[in-house]
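Each structure below appears as structure tokens.
After this come two complexes, each holding subunit A, first together with subunit B and then together with subunit C.
For the complex of A and B:
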């Protein structure tokens, strides 16, 4: 760490930046109806939306782990043709506005979509307006976060252990399960939490692709939006506070990784 | 801005003739269009008014050179919330008195709202009505997916009234935030039907068919319009509301399928 006087040209914007991030949260706490809070927290609609959010975010994370870890491994360990293109394609949903993702999902998996039409006519499966549709929308938006963080962990890991395992006769699969996975487990866990947090906060793709119905597709962010739109500011603040509490809990869980900077 | 004034000044010269020429350094209002209407009028209007108000806005601008009308179309409940939170609006046109009351109760309206049109619900279905839906009871059948508006939005409240009147136990698959979002789900083919206004179905008559049903007569929405208390352009707002209520305004609205109040 460098020593000496902190230049004002850096100090002032730094403090400004901190206030900019903290002030809106203070506003949320300031408007919280603390007196009626316990009663509002136990309202069936709130409990229902929170349960649905936790369930869908967890299922989406599971789906992302199953698909994302192998994908990250391919990107980090296998020099296949078109790898750069694949990596670029994976980052598209990361920068794409989620509502655009929702429209794209409808056109691909909707009843008249590219694949959805076939799913509907062959299996009678239709994803829009179902809880499974919410999971798909959340996973679509959250998967790149997992892939990128796991790939980063794989690239940062010491490959000599894997090489040693290979020299001792282990197959690529055995090396993956017995050496690689334990080695990057903390990275996968961090990626999983990031992915879960992103899925929990998902709004645009969900409301566009899965619709909005309490208990089936109305997750917490949708409930916040609808409550605010209908003019119930107190209700929206309470729902927001719950999401804030969940976010802070995630931060606390990851504090060693992100907050304890050297 | 300079350009706007130059155009407005030119318009004034053309309309006022020699009198306008004699006062080239007059005040901006004197140089603007007739009736002292100039600047931007921010109109917050129910989603169901999208096409007709856009047309009215263009005609208003043509009649009042120097005035610009900008619109914020959304569900009336969302608009009411935005206005009460201090959004810069000059005029509010709601699809139901309930959402207007939210604004007037908060003391944000200047004067009393005026009802300018009425509208009622139809069942919007895919072109050709492939599921052969004939009335509200046809929406409760197995495998029929229906989109409704959320009940906070006027089209949702009207749908609830109509469904209660019919006794049809309908479970929609989604509750949309405004009537156009519900209609979009029909256009996409993701739902088989949606309860929307007659005017919305008419505006999209290339994509959807409208099925009339008797219970909609029990859920007729009255649309109130008002100038807002914090209007930055009160004169422009007043003039726009007057234009909506004029014979010219009425003919555009009835042409779109709205009923006279």
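For the complex of A and C:
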């Protein structure tokens, strides 16, 4: 592939970019209090925050799959009026600062919000400052990642397989479940992983909409922030390291299993 | 009464398809035409994958013109088969019966029966990607037939195969199509597929039917340049005046047939004899010509001649050497009246 020398004008910034990404991680490892690590790992607050993080990120991913896959299908397969507008609206949470997203969620689903008031008076359900609220905040931020990724997979899939299914007597719903879904499964898995990773790292929308209550809404990123604020740098480093290790391990495992598919 | 009775009108941009088709019970009809003639559009309209802009579509007495594809009982073998890549051969074939309400076991049994009929029992558990082109074609055929379609549609069923497996598959396909009790419509641009597989040919050019009939009629009496080329004949249109047909430019071709009014004249390239000078005697058609092109054609040479009429002629390499043939060479061409066929154009 390469012919002759790599130009310095490309090589130097390329190496610079790599160092820029790796150096902070090296810093984290370098500053880790390895001696007290085992003891800190088993502290109940740490375990609790980790459990909550994994639980809420997984539930948020599930919620995103249930809502996002049909939405992506609509965008990719049905020429409804306003499709372009819908597609543009979906990308808004991507560029919106998560804190603003959290405030927006409060105004919509808060006790006096657009929909929240009705939820509260009719069902007695209130989302802010609950674990369910964490899931909602994470799903709000992560959903666009899933929709965009799955829509791309659907657009790339050959729709003639769906036509073949129709000629064999399959309704549109059966075609979706028996042909379309299996064909785009790798795309959905990739979108799900991306979605889960985004949800796991979510901070701004969660702390604004759900608050920071240990055991209820305090996920790992929130715990890192709070530990750091309280002056316990070692504690913050340990929590960060755990978060890093968990996400890298799970992503690597899923990558081998799903993302390597053609 | 025909099982399929349709007039398919589909407008798409500047293109307009308007073909009338009838196919009887147990009959195989080939829709033959050049690329872009609208053959595949016609097939998609029959399957319900492209909506009709007009006309009608009746299958076994049922009006299907607006019925969605899943309720038509029309089986399709697509050009590149479109076997579901995530299902093995058996599950691909069982897909249709399952959708028709058969249980898993019954559908599997049906699928295995069809795979046996196409001789693929051993490959039932193979995924499509590990099947050869010919095997995939047979699975696709089994899948389409397993729903017991009233109308079976095949889109260029042999086009994706290499020459060797094509020969083999064509013969086998013929056997299965003859056994199919419903109507069969085959779309192809290969005249050989059409001649071997079909009982009747419908020739489509530019979205319209230009000729239809059995193979013998069409090869003997082509009505357009495309059909004439397909069956390898020189074809001209003019006015019949008894044994003579007067073409544009007052050029006259003599035939043994008698025609009056608008008429076609056709003769095979092998009927054209070439001479260095004007031949004398004998009641034949002769005219001065200029050679424009020489190409190999089997064991012979096919030459193209310019003159009052443009014709193709087949000659032996020996004759070519004797005549010192080269582009630009002036010659005399002759065709016997007995080798010229004349027939009415309308």
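The rule we apply is simple: the second predicted complex is superposed on the first by the 249 of 262 C-alpha atoms of A that agree within 3 Å, B and C clash if a C-alpha of one lies under 4 Å from a C-alpha of the other, contacts with A are read in each partner's own complex, and residues count from 1 in each chain.
The rule we apply is simple: a residue touches a chain if its C-beta (ideal position, glycine included) is under 8 Å from a C-beta of that chain, and two chains touch if they have at least 3 such contacts.
As the structure is a prediction and not an experimental result, all values here were calculated from the model.
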> Between subunit B (first) and subunit C (second), which does A:169 come into contact with in this model arrangement: first, second, both, or neither?
Replying inline: second
> So, A:43: does it touch subunit B (first), subunit C (second), both, or neither?
Replying inline: neither
> Of the two partner chains, subunit B (first) and subunit C (second), which one does A:161 touch, if any: first, second, both, or neither?
Replying inline: second
>> Going by the contact rule set out at the top, does A:228 touch subunit B (first), subunit C (second), both, or neither?
In response: first
>> Looking at the complex, which residues from subunit A come into contact with subunit B?
In response: 106, 110-112, 128-129, 211-214, 216-218, 225-226, 228-231, 233
> Inside the complex, what are the residues of subunit A that reach subunit C?
Replying inline: 158, 160-161, 163-171, 174, 178-179, 182-183, 185
> Can you list the subunit B residues touching subunit A in their complex?
Replying inline: 75, 77-78, 80-81, 84, 102, 145, 147, 150, 152, 172-177, 185, 188-191
>> Can you tell me which positions in subunit C touch subunit A when the two form their complex?
In response: 47-49, 68-72, 74-76, 78, 82, 84-86, 95-96, 99-100, 143-144, 147
